[in-house]
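Here's the structure, in structure tokens; my notes come after.
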Amino acid sequence: MVYEGSSMKLITAIVKPEQADNVKRALSKIGVHGLTMTEVKGYGRQKGHTEFYRGSEYEVAFLPKTKLEVAVSSKNFKKVLDTIQKTAKTGKIGDGKIFVTSLSAVVRIRTGEKGEKAI
Amino acid sequence: MMKLFSKILIIGAVLLFSTALYAAEKKPVLNAGDTAWMLTSALLVLMMSIPGVALFYGGLVGRKNIVSTVTQTFTIACIVTITWYVLGYSITFTEGTYNSIVGGFSKAFLNGIGVAALQGTIPETVFVIYQLTFAIITAALICGAVVERINFGALFFFIILWSILVYAPIGHMVWGGGYLAEKGVLDFAGGTVVHINSGVAALVAAIVLGKRKSPVRPNNVVLSLIGGSLLWVGWFGFNAGSAVAANGTAGMAMLVTQVATATAALAWMILEWFSSEKKPSLLGILSGAIAGLVAITPAAGFVTPSGAFFIGLAAGIICYFACTKIKKALGYDDSLDVFGIHGVGGIVGAILTGVFAVKAVGGASGMIEGNGGQVTLQFLGVIVTVAYTAIMTYIILKFVGLFTKLRASDEQERAGLDLSQHGEQVS
Amino acid sequence: MMKLFSKILIIGAVLLFSTALYAAEKKPVLNAGDTAWMLTSALLVLMMSIPGVALFYGGLVGRKNIVSTVTQTFTIACIVTITWYVLGYSITFTEGTYNSIVGGFSKAFLNGIGVAALQGTIPETVFVIYQLTFAIITAALICGAVVERINFGALFFFIILWSILVYAPIGHMVWGGGYLAEKGVLDFAGGTVVHINSGVAALVAAIVLGKRKSPVRPNNVVLSLIGGSLLWVGWFGFNAGSAVAANGTAGMAMLVTQVATATAALAWMILEWFSSEKKPSLLGILSGAIAGLVAITPAAGFVTPSGAFFIGLAAGIICYFACTKIKKALGYDDSLDVFGIHGVGGIVGAILTGVFAVKAVGGASGMIEGNGGQVTLQFLGVIVTVAYTAIMTYIILKFVGLFTKLRASDEQERAGLDLSQHGEQVS
Amino acid sequence: MMKLFSKILIIGAVLLFSTALYAAEKKPVLNAGDTAWMLTSALLVLMMSIPGVALFYGGLVGRKNIVSTVTQTFTIACIVTITWYVLGYSITFTEGTYNSIVGGFSKAFLNGIGVAALQGTIPETVFVIYQLTFAIITAALICGAVVERINFGALFFFIILWSILVYAPIGHMVWGGGYLAEKGVLDFAGGTVVHINSGVAALVAAIVLGKRKSPVRPNNVVLSLIGGSLLWVGWFGFNAGSAVAANGTAGMAMLVTQVATATAALAWMILEWFSSEKKPSLLGILSGAIAGLVAITPAAGFVTPSGAFFIGLAAGIICYFACTKIKKALGYDDSLDVFGIHGVGGIVGAILTGVFAVKAVGGASGMIEGNGGQVTLQFLGVIVTVAYTAIMTYIILKFVGLFTKLRASDEQERAGLDLSQHGEQVS
Amino acid sequence: MVYEGSSMKLITAIVKPEQADNVKRALSKIGVHGLTMTEVKGYGRQKGHTEFYRGSEYEVAFLPKTKLEVAVSSKNFKKVLDTIQKTAKTGKIGDGKIFVTSLSAVVRIRTGEKGEKAI
Amino acid sequence: MVYEGSSMKLITAIVKPEQADNVKRALSKIGVHGLTMTEVKGYGRQKGHTEFYRGSEYEVAFLPKTKLEVAVSSKNFKKVLDTIQKTAKTGKIGDGKIFVTSLSAVVRIRTGEKGEKAI
């Protein structure tokens, strides 16, 4: 595969929904112009809560979180990672995680461009 | 001669005039005002079922069973209309060979009910449809106990039989001149016929069908808010409409309904607030409101606003404990608390009607006016209804079970009845 | 002298008295009961449109077009109010130079309609608004055929013209003393004026606009359940209200409406159940109910409950096939089956009114009482309406198309009309 | 003798007869038609609050606050019922020591209101509940200004106090024989008592509580469409019901309500269409409709359809600018524009009632009939209401703030009030 | 990049929605305290179904599935993988898949901790 | 780990929602019988829009997109990638991206099969 050895990264951040806008704005500022967002539910040290409906308990273990995915070139990687970490942080439990995986290829669908150009 | 003639003429005129007045009092004459109110009341009670009950229940089930739940209510409205047209009205409201239990067949297919036929001061046609809407909601309420697992085909046949074999006889006994009517049991708007009846049938059905595999929390309490609000609004047709006239009794029925409902609603919410849950919830205040509406139903034409306040208070508190504590202890899965609210609330209301009835309001005295016997009578009404309904509902369910499965298959239940039974889903 | 005087006095008194009675019978006097019912009926029929039709339709479109669909209905309610105020009422209900087709201008801007003006036993103001609500729902129904693609601006102008050039003349011909009224066509509550009219206009509009790019399944049939239920409940204002009084005719109209609706609803659901789909669906039973409501509309004041049963049965079966089979065969995209339900159901009802009319109910005999000619007359009514509406609707659409695009752009359609035309979306 | 006797007899008969007629005119007698309409009107106005206002507001908040918003409305309906029963009705509608401001305690706990008591031609019980529904909606409207941040406990106590200390006095001043009634201020159905009152209270509450942390766009304008439609439909109970009879005044009130509403709705939508937003929106036309309903409220029994047209036009335009431009300029966070629509619309309506009142409609002349003084009087009504409400609302809020926090904590606001205050959520 | 060569894994499991709770409980038991869940739609051997609305057919090819994402350290990897496979299994078609990718970095947003400590 | 060195790939495509069906059909045709779909929101060169509610502006930066995930064996990789790119393309801005990561393992839950057999 021609794309092997790429050093592009996919940064996946699970953040608090109320912080997502904040992160997005900060990323825009440092020149990140692409972002994909998914509503997810998370479970971690921050525990869920219990809802009562007519006295019946329903445990809600999972809390709403927002998953942000950003593909970055190796050169931007560090900056983006730090920006996300800083702007997503509230200091309270449940702030979330960032996962990084290596991308072996990226394609821009519209143009068919590949690799870093496509990000 | 002339003098005599003139005298006769005068007397004649006066007589004629007073006879006319007299006749107006005796021979039933259509009253457009009463008719207007009863036409309105009929559609209000239909609105209580569709979309009222449909939405109230639809909001409380899981997301995979919303369509199924509302479809059940809507289908029941249609089925009961047909059974009422074919047989129900006749065996509820005509005289029959076994009149203490059930009426006769003379008005099957609504035979012979002309445009001019009256029932009191309103057309009999209006009375037919007004009563029909009660038959509908009673049957529709039962579903709440068996949602998320009942097989739609079984429900279909169950409702046909139940509306004829249970609703009509109970209706006849209380309102059609049957046993309980004769005894003097008070039930202004259907505490016995509608609420105890459906509540007990629901409990039996819940037990016969067994528990749901995995109950989930309500999908959308806002749907229930719409349903609950329309129930409240429509209930004025139910209670004030039961005066079968637009008069002072209707007005008082409406007013006491409002007071009892608000009281029960707040009572339930405040209990929750101070309970271990510590939070006043929407479902709590809605449930309390329904409990209050149920409990004031038999009492609506008999009590004062302050009597209504106490009935509401009792209903709010007792139904709260019935739904949150007692049910848990007993362990049956009456999914949406039909028994805990309609059954228990209906019983509370029936008994307290015997306590708070005031002669000046509805012509009957209760315990607070020294007539303790009325309470005993009310107990009689409750017991007869509970016994008859429980036994017959059980038999009908078993009978239907001979021909078709009562429960959806495990697979269907897991997939949700929306898709598995109706092929539809809410995206 | 005295004797004579006394005699005269007596006779005078008696005369005066009987004259008063006589006058009461002849000179129209306001009846508060009738008025109460008609005030209620007017608001019920408005409720059929907003939120009734809005939600019924809103639940059936794709998720990107809900806002647009309900906005169309709501806007139409506003537009038609204004056209009715300016011109519509006058040209429908006054006498005009070309009276067999259209009325005159004497009551434009509701000019000269005072507080004390009566129409029968109710204030004319109430009659004005009651009739207005019919004009609204007729126009609102048409949208169902063109949702998800019509350009809102085009719809806006189309409705202004259509409500004046199509609705008013048809209304005048049937109810305002025009051609069809004179001929003796029976249409109790608007089978011709409302349903055939809107159904045919919808079909024409669907064909002129062309198909949707990519139809998707209904986003939320529970919204449609709310809408459908409110349509049913409100339809009592439509049908029983068409008695323009709270009397036996209103009562019978209500009762037969209920029977026909339930029958049609179950007929549709059972057909589905035994068809290749094998599942009784919510949309099915809702569609059947609407078909029944439509078909009983022209018949409501003329038939017995058993006549209603057969009309409902026919409507349920015929409309089922019209929507599921015939439409597919013909290939037009009447998105929400306005023609299949209102057009076809309206025609079924119009013809069967001529079959099942019973003298004792509404004063007119149908085929079952030996008056076969009534059926021919009913056909006449259908044909005139279909022809007039089809031609005029086509002309109006082409005319509007001269000034603005009838369809949203492909881009807008793909993005959904909610965002592209109204800048709003349901999250 | 005989002659004399016969003469006396005749005269007696005639006298008796005419006395009977006279008595019928003078002594209040229950009219079933009026009662039917008022029973209906009462439930319509309740429906305006639950589910009307609840849904209208519920659709406009963010997704995390829907349950909380509708729970507020529903709870208020319950609270105000109790305060009305205990005290409210009495101090609004009986005579008191300080009668120009507030009534007395003689009917506390609805004491002594029997089944036969009349108010005009309807049972007093019906009057009690009809008026109660006005007290409910006034309080319910206020919430729109403080949703998404008010502490539920604080709201609970605020409403108890406000309904007694603000609503009842204003109601008494305008309708209960107090100061403004004496002065001759015209307010047919509650422009002052309901709309200016709630609008001003809302503005004060919004300012005292401060802004929301992060407003989001409406979660579901289709919910608002349901609420808005039910408001429109129910408003006929509000305005036409304020005739307290089913007569020509009621009919005219209904008709002018329809015309004003449609006009205001279209005015708002068209302004949007030609504004920088360039799109006619659902929320726009809904907002215009409410503005029209509000503005026609005080005028409903006094103006002609064409007067209504101009009032609707003015309301649509002025409220549009109040909500979209002026509010932005002033910077307070009246979340759902209670002041911009009910406050401003109420003031527009109050003043224009003084302009467009026509003697032939409601017995009072406005500026267009040369009675400019009426406008001054209307201003007086506005000023007294604004001043009294603003001051008292402020004091009550500060007082409640002594015992409990007025606002939810930041944490709760961020999590949404649904979960944090009610422990429920819409999935 | 300092994080290269990490042997942390991201386990992504597509399971039946009704099994998700089961899996979650089992993972809790074996000491996995973080999990992210997404509602997805899947298409595989298990085919969708057809819905009829007034006789019109609408093919629904995709069925609701739940996606579970768990970041694990190399030492827990095997255990977690097996637990998910066992507890998600019903034995019927449509049980789903597990995909494993390598994580080149993990960050805990709240503390800034990196690597295995952050999981 | 036994699965190391696998050359299976996970293709993640962010496409326009209206193109998703198209892509799915094309993939079916070339023999891809598994697919997972998620509703996401994206932000890129294609900017969002502004909604007005009673004159208040709400910026909606993120547009609805559909994320498609397909696990493929190395032999199918190129074909699948190209098919997606071609069928998702409309040529207009906002067509989306394709990201490729390496899978270190795949498990079929129902059978416990591993590796390429499991795809």
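Read from first to last, the chains carry the letters A, B, C, D, E and F; within each, the first residue is number 1.
Rule of thumb we're sticking to: a residue touches a chain if its C-beta (ideal position, glycine included) is under 8 Å from a C-beta of that chain, and two chains touch if they have at least 3 such contacts.
If you're wondering where the values come from, they're calculated on a predicted model, not measured in any experiment.
S.K.: Which chains are in contact with both chain C and chain D?
M.R.: Common contact partners of chain C and chain D, which must touch each of the two, are B, F.
S.K.: Check every other chain and keep only those touching both chain A and chain B; list them.
M.R.: Output, common partners of chain A and chain B: D, E.
S.K.: Using the stated contact rule, I'd like to know whether D-F or C-F comes out ahead in C-beta pair count.
M.R.: Of D-F and C-F, it is D-F that has more C-beta pairs in contact.
S.K.: For chain A and chain D, what's the span in angstrom between their mean Cα positions?
M.R.: Each chain's C-alpha centroid was found; their separation is 49 Å.
S.K.: Taking each chain's centre as the mean position of its Cα atoms, how many Å separate chain E from chain F?
M.R.: 16
S.K.: State, to the nearest whole Å, the distance from the C-alpha centre of chain B to the C-alpha centre of chain D.
M.R.: Result: the chain centres lie 32 Å from each other.
S.K.: Got the chain B residues that touch at least 2 other chains?
M.R.: In chain B, residues 3, 6, 10, 13, 17, 31-34, 36-37, 40, 217-218, 226, 246, 277, 279, 281, 283, 423-424 touch at least two other chains, as defined above.
S.K.: When you check chain E against every other chain, which residues touch at least two of them?
M.R.: Correct list: 38, 51-53, 101-102.
S.K.: Is the chain-to-chain touch network here best called a line, a ring, a star, complete, or other?
M.R.: Its topology fits none of the listed shapes; call it other.
S.K.: Can you work out from the touch definition every pair of chains that touches here?
M.R.: Result of the pairwise touch check is A-B, A-D, A-E, A-F, B-C, B-D, B-E, C-D, C-E, C-F, D-F, E-F.
S.K.: Report the residues of chain B in contact with chain D in the complex, numbered from low to high.
M.R.: 3, 6-7, 10-11, 13-14, 17, 31-34, 36-37, 40, 44, 63, 217-222, 225-226, 228-230, 232-233, 236-237, 240, 245-252, 254-255, 258-259, 261-263, 265-266, 269, 277, 279-283, 285-286, 289, 304-306, 309, 360-361
S.K.: Considering only the defined contacts, which chain C positions touch chain E in the complex?
M.R.: It comes out as residues 60, 215-218, 272, 277, 279, 281, 283-284, 287, 323-325, 327-328, 337.
S.K.: State the interface residues of chain F toward chain E in the complex, per the touch definition above.
M.R.: Chain F reaches chain E through residues 1, 3, 10, 24, 33-38, 71, 101-110, 112, 118-119.
S.K.: Looking at the complex, which residues from chain C come into contact with chain D?
M.R.: Going by the criterion above, the answer is residues 2-3, 5-6, 9-10, 13, 17, 30-37, 39-40, 42-43, 46-47, 50-51, 54-55, 58, 66-67, 70-71, 74-75, 77-79, 81-82, 85, 109-110, 113-117, 122-126, 128-129, 132, 152, 223, 226, 246, 421-424, 426-427.
S.K.: Name, in rising order, each residue of chain E that touches chain F in their complex.
M.R.: The contact residues of chain E facing chain F are 9, 13-15, 38-45, 61-62, 65, 67, 77, 81, 84-85, 88-102.
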